[in-house]
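Only one structure is covered here, and it is reproduced in the block below.
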Amino acid sequence: MSAATSTVMTMAQALNDALDVALDKDGDVLVIGEDVGRTGGVFRITDGLLETYGAARVIDTPVAESGIVGAAFGMAVGGLRPVVELQFMGFSYPAFDQVINHVSRIRHRSQHRFSAPMVIRIPYGGGIGAAEHHSESAEAIYAHVPGLKVVVPSTPYDAKGLLLAAIADPDPVVVCEPIRLYRAVKEEVPAGWYEVPIGPVGVEREGTDVTFIAWGAMMKETRAAASALEEEGVSVEVLDLRTVVPFDADAVVASVSKTGRVVIVHEAPRTVGFGGEVAATVAERCLYSLHAPPERVTGWDSVFPLKRSESQYLPDVARIVAAARRTLEA
Amino acid sequence: MSAATSTVMTMAQALNDALDVALDKDGDVLVIGEDVGRTGGVFRITDGLLETYGAARVIDTPVAESGIVGAAFGMAVGGLRPVVELQFMGFSYPAFDQVINHVSRIRHRSQHRFSAPMVIRIPYGGGIGAAEHHSESAEAIYAHVPGLKVVVPSTPYDAKGLLLAAIADPDPVVVCEPIRLYRAVKEEVPAGWYEVPIGPVGVEREGTDVTFIAWGAMMKETRAAASALEEEGVSVEVLDLRTVVPFDADAVVASVSKTGRVVIVHEAPRTVGFGGEVAATVAERCLYSLHAPPERVTGWDSVFPLKRSESQYLPDVARIVAAARRTLEA
Amino acid sequence: MRQVLTPSGGLDGTAPLDVELTRRLYRAMVIARVYDRKSTAMQKQGRLATYAPFEGQEAAQIGAAAGLEPDDWVVATYRDAALMWAQGYPWELLVAGRTGDERGGRPPDHVPVLPPSITVGGHMVHAVGLAWAEKIRSSGRIALTSFGDGATSEGDFHEAMNLAAVYDIGCVFFCQNNGYAISLPRHEQTRSDTIAQKAIAYGMPGVQVDGNDLFAVYETVHEAAERARSGQGPTLIEAVTYRIGPHTTADDPTRYRSDDEAVEWRKRDPLERVRIYLSERDAWDDAWEAAIEEEAAGEIDRAVSLAEAMPPLGPGEILDAMFETRPPHLDAQRRQLVGEAP
Amino acid sequence: MRQVLTPSGGLDGTAPLDVELTRRLYRAMVIARVYDRKSTAMQKQGRLATYAPFEGQEAAQIGAAAGLEPDDWVVATYRDAALMWAQGYPWELLVAGRTGDERGGRPPDHVPVLPPSITVGGHMVHAVGLAWAEKIRSSGRIALTSFGDGATSEGDFHEAMNLAAVYDIGCVFFCQNNGYAISLPRHEQTRSDTIAQKAIAYGMPGVQVDGNDLFAVYETVHEAAERARSGQGPTLIEAVTYRIGPHTTADDPTRYRSDDEAVEWRKRDPLERVRIYLSERDAWDDAWEAAIEEEAAGEIDRAVSLAEAMPPLGPGEILDAMFETRPPHLDAQRRQLVGEAP
């Protein structure tokens, strides 16, 4: 650990730093996945770790997602703390059976005798003009699996703090990492170990007229939309969910009870996206405070498009602002 | 096809009849899955089909869900109409990658040049005291996959008609079959080919005070709860969703706009269950008609329990009635 | 196919176990058979959920466990109660699991056995992970995973075998080829002549052994375990055996196999040949048989009583092991479940 | 390892193709290489999304296609443009796909080639299903699926191979072992000496062949295809080759391999040996080379122009191929997308 108390970093650097700190502190932590060693991973998040910690703890694997997650699960049951990297969310599905049928269940199945303190890191989301399967947002699918926690950082600070909290967590945590924010912004990130607690939303900005709720990659557009509206004198409260499960319903309800209006933004397809859960919760718990119907600004119910038509798919500032206007004019 | 115009049947028989009718009518239809031939399937839904149609069209396979779905997909792309049986929803996950990355996408990927007119039948739901993984309800996961249709019959008549519609559909359809309704009731089922259209909800009972929305296995408890309330003079409108995707939002909105109250019932875990989508849609589209917050009566966010504690998990009449009372007293 | 003890009780080679240990293992097979038959009977009385009998596979399971050290990991299936018990899993918890009680999945703290896998195929790689962890710790512990012929058709079998071989993981892959995956006979599951030869795909040794031969199974597993323990990596063992009963109590085997087949296999009964072997050495007689059968019945009855005396999980307790600490949403759901909140 | 044409252009056995056909295939390899290099160049200019070059694998791909009938199915990967083109997929659509245009995934109606698989492993069993459909129809058509060494580590490889063997499906499994799965060298992917020997696990023939030898690849694929066509089932072919370039344009191979390796492999260039072979038979000279290179450049330039001249999908069109008929919810979303509805 360096003497500096903090450094300006991208999210990619912050995640790398988190892994470095965890590997350094806890001999039970290891990193495992395709190309995580020699190349430092598709996104270089594990860069340099092989050199520092060796091939027994930074493990390059064959292309076998189910086997990787299943083996890491066995390691976790056996007392280690593996951090799995899957290359893209679209390649996480071969491991889905392991995740839903074993990783998320061993504590319940064995009534606390065994547990799986492991982390599955999954780069997700579009916006980089990638090939098919490289732009998926499937946080809602993982959120529907009882026994998993699911976090989605949107800033370098939160990314490091949430990843360290995930590694320290006694139960399995899926970390969805927004690909297009890996290197989009830099901010001060403290040196050494700190945790951003899994659960609480981040209230990024307080406001009184309308609540914006988003997470991960969509925070960028959401913040920009909030700024655009603030210039027009609209007071926007911006919540970064950060954790999808366990969902911080109380904070959402508190905010929407105050503003009476809510716009929920996500990149995943609309039908049964996590936005539905948020909107349902709002309707159930603060119906009488609502001045307008909740709005969801989401991806369409379609395959994520290729480079040339990507912009047709991704929610943008204009759509968010328009949705907010509808709530204000209702 | 028999001369009788209709026969009293269980859902299991109706599904068997549907497969018989389809195999008889269309030489491209085939049935494929584990133990579907000699034993007629775990639930005997394919009973007798091997004898009638032979091993080339009623195919017993090794235990390889991903391979079965993937091979059936290839067959469908090649012009056949395979009907896959997976043994339980908990064993559908090894095939999830094939479903989400290929089955649901080939039409889009090839811009209509290729398509996958195939059916995946999945027994689902609890209530029979089964072992782990044998009681899952994962319709919301399939519903979140763009490019799939998802139907969930609750009656023998609908089961046959929806399965035939699924077989006739030019695109892939997941048929979730409620295990505990396979032999729970009998009703008149017409002979020969008929279709229940994929999409429209079934309005089972009209009413004015509160709308009940459920599907599949939970229709039994939902109907019973409606009857209990009707005896007290509450007028309940009961919708059987039947199709989860494409979701018949208009019918739901029309009903809730009329009654102003809604109770949504499902057996799947609550967080990001399909009930969230329904409640969100209601809040978005008939907020001003609502007399009370929408209510969701669902399974807990837990592993489905084993036999001895199953009753702690399953939504029952009492919970549904209590939820309805809350909407009436709000 | 490796064989040491022929169906008629003769020796082909030297016995790998002394008479006293053989008697102990014979007794274990007797208890296992009592458990198995009792379970089927209880299921018919509605006291158990669906049950998957293992009659005919006792030598495979008891022999395999005998080849391990007491703290080696065992990761096995719904049909492996005898194996799991032999590695320390108490009968009463095995029964409890089959009554449909979650607490059946919780072995005592020192028992190195995972609760049985209900999904086919997924659990083998868990043994790889456990053995990998032990390798990293240089603990000297290894893992054995048991699975059926049918499980070898799953992709997860392939990934588990491949990963174990690539990293020299101390994992023994123990396949009980009992002839069927539910209704599908072995020769329709795969075109390879043996399951053992599938090891060639992974550069791993593969051994086919008579699974009804206690000595051969013991010897083969013990060799593979010591190979694993010494860092030389995994071995695939195909134990050729036969499921005498139905796939589960819900299954009707007449739909897919002839009675003759089971009759043939009864002649290769795994207990019978040990009985002959021991009696030829004056180490078995009717009186001892009667005594151990009575003891076995008592042991299993006690286990059943213990399991059936357990009160069901209390209201709300089904939500208490989802996480180490219940998060707020499960707190709220628990209050609803127990009726403390609407 | 089967070899017919040695790296120095000599024959080991008899040539399976006459000189004229060899010239045609040589020309195809030249075009493929032009396409490949052009694509890398275009990617650097930002005109293509990430590109996965296949330089060094031309003989494997062109030789494989030559072994098929024109209406045999091909199910291949992101690195198989030469193979797909040789089976009828137009260059301009291959380019269009790489510019990030969905219409690149739509081959003309008569072309029996699926759009390239981007996921590793999942597509092989699609070829099994296609060939199965042809078998049911007794059409005489078969399928070839192409995949890399890395793909053999996936569970789906195992399930595809096993199913194909069990049902005698007319599917050729064509593995281009190019030495790496991104950064992982072949020997760290699996412990088997060869990939070909994995066929033993499925009771299937497996052949290892010099993948840089046009003649050997052609002959081996042709034999396997005819075997498949005659109902004798699948074959696994391991074509040993080398990826001269990076995994993709986003990859830096210096992180995981030495330059020496590529230098060594350049000596086994798949075009070079055919060039020598033909020139020794007076069927190649500098003038012809110059001519076909110019033609190739023209052909690829035309394809690029066509692809780049395509207007992007119009607003809303990304929703138009999710189903045969757009259901109501996609209608509503489409109206939102094009701005006709809030």
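To keep things simple, chains are lettered A, B, C and D as they appear, and every chain counts its residues starting from 1.
One rule holds for everything that comes next: a residue touches a chain if its C-beta (ideal position, glycine included) is under 8 Å from a C-beta of that chain, and two chains touch if they have at least 3 such contacts.
Fair warning: this is a prediction, and the values are worked out from it, not measured in the lab.
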Fill in: Remotest chain, subunit A as reference, centres from CA atoms
C
Practice prompt. Name the pair in A-C, A-D or B-C that forms the same interface as B-D; by residue number, over half of the contact pairs must coincide.
Written response: A-C
Worksheet item: When the centre of a chain is set as the mean of its C-alpha atoms, what distance in Å lies between subunit B and subunit C?
Response: 36
Worksheet entry | CA centroid of subunit A to CA centroid of subunit C, Å | 40
Worksheet item: Could you state the distance in Å from the CA-based centre of subunit C to that of subunit D?
Response: 45
Item to complete: Can you tell me which residues of subunit D touch two or more of the remaining chains?
Response: 102, 119, 122, 153-156, 159, 162, 166, 188-190, 322, 329-330
Response to the item:
Multi-partner residues in subunit B (2 or more other chains touched) are 61-62, 64, 66-67, 90, 94, 97, 101, 108-109, 132-133, 146-147, 247, 271, 300-303
Worksheet, complete the sentence: In their shared complex, subunit B is touched by residues of subunit A numbered 66, 90, 93-94, 96-97, 100-101, 105, 108-109, 132-133, 138, 140-141, 143-144, 146-147, 245, 247, 268-269, 271-280, 282-285, 287, 290, 292-296, 300-303
Practice prompt. Would you pull the subunit C residues touching subunit D in the complex into a rising list?
Written response: 153-159, 162, 165-166, 188-193, 197-198, 200-204
Discussion item. List the residues on subunit A that touch subunit D in their complex, please.
Written reply: 34-35, 37-40, 42, 60-67, 90-91, 94, 129-134, 270-271, 300-303, 305-310, 312-313, 322, 326
Worksheet item: For the complex, which residues does subunit D have touching subunit A?
Response: 49-50, 78, 97, 99-102, 118-122, 150-151, 153-156, 181-184, 188-190, 250-252, 255-256, 312-313, 315-319, 322, 329-330, 333, 337, 342
Discussion item. Show me the residue ranges of subunit A that touch subunit C in the complex, using the header's touch definition.
Written reply: 30, 56, 59, 61-62, 64, 66-68, 70-80, 97-98, 101-102, 106-115, 146-147, 149, 170-171, 199, 246-250
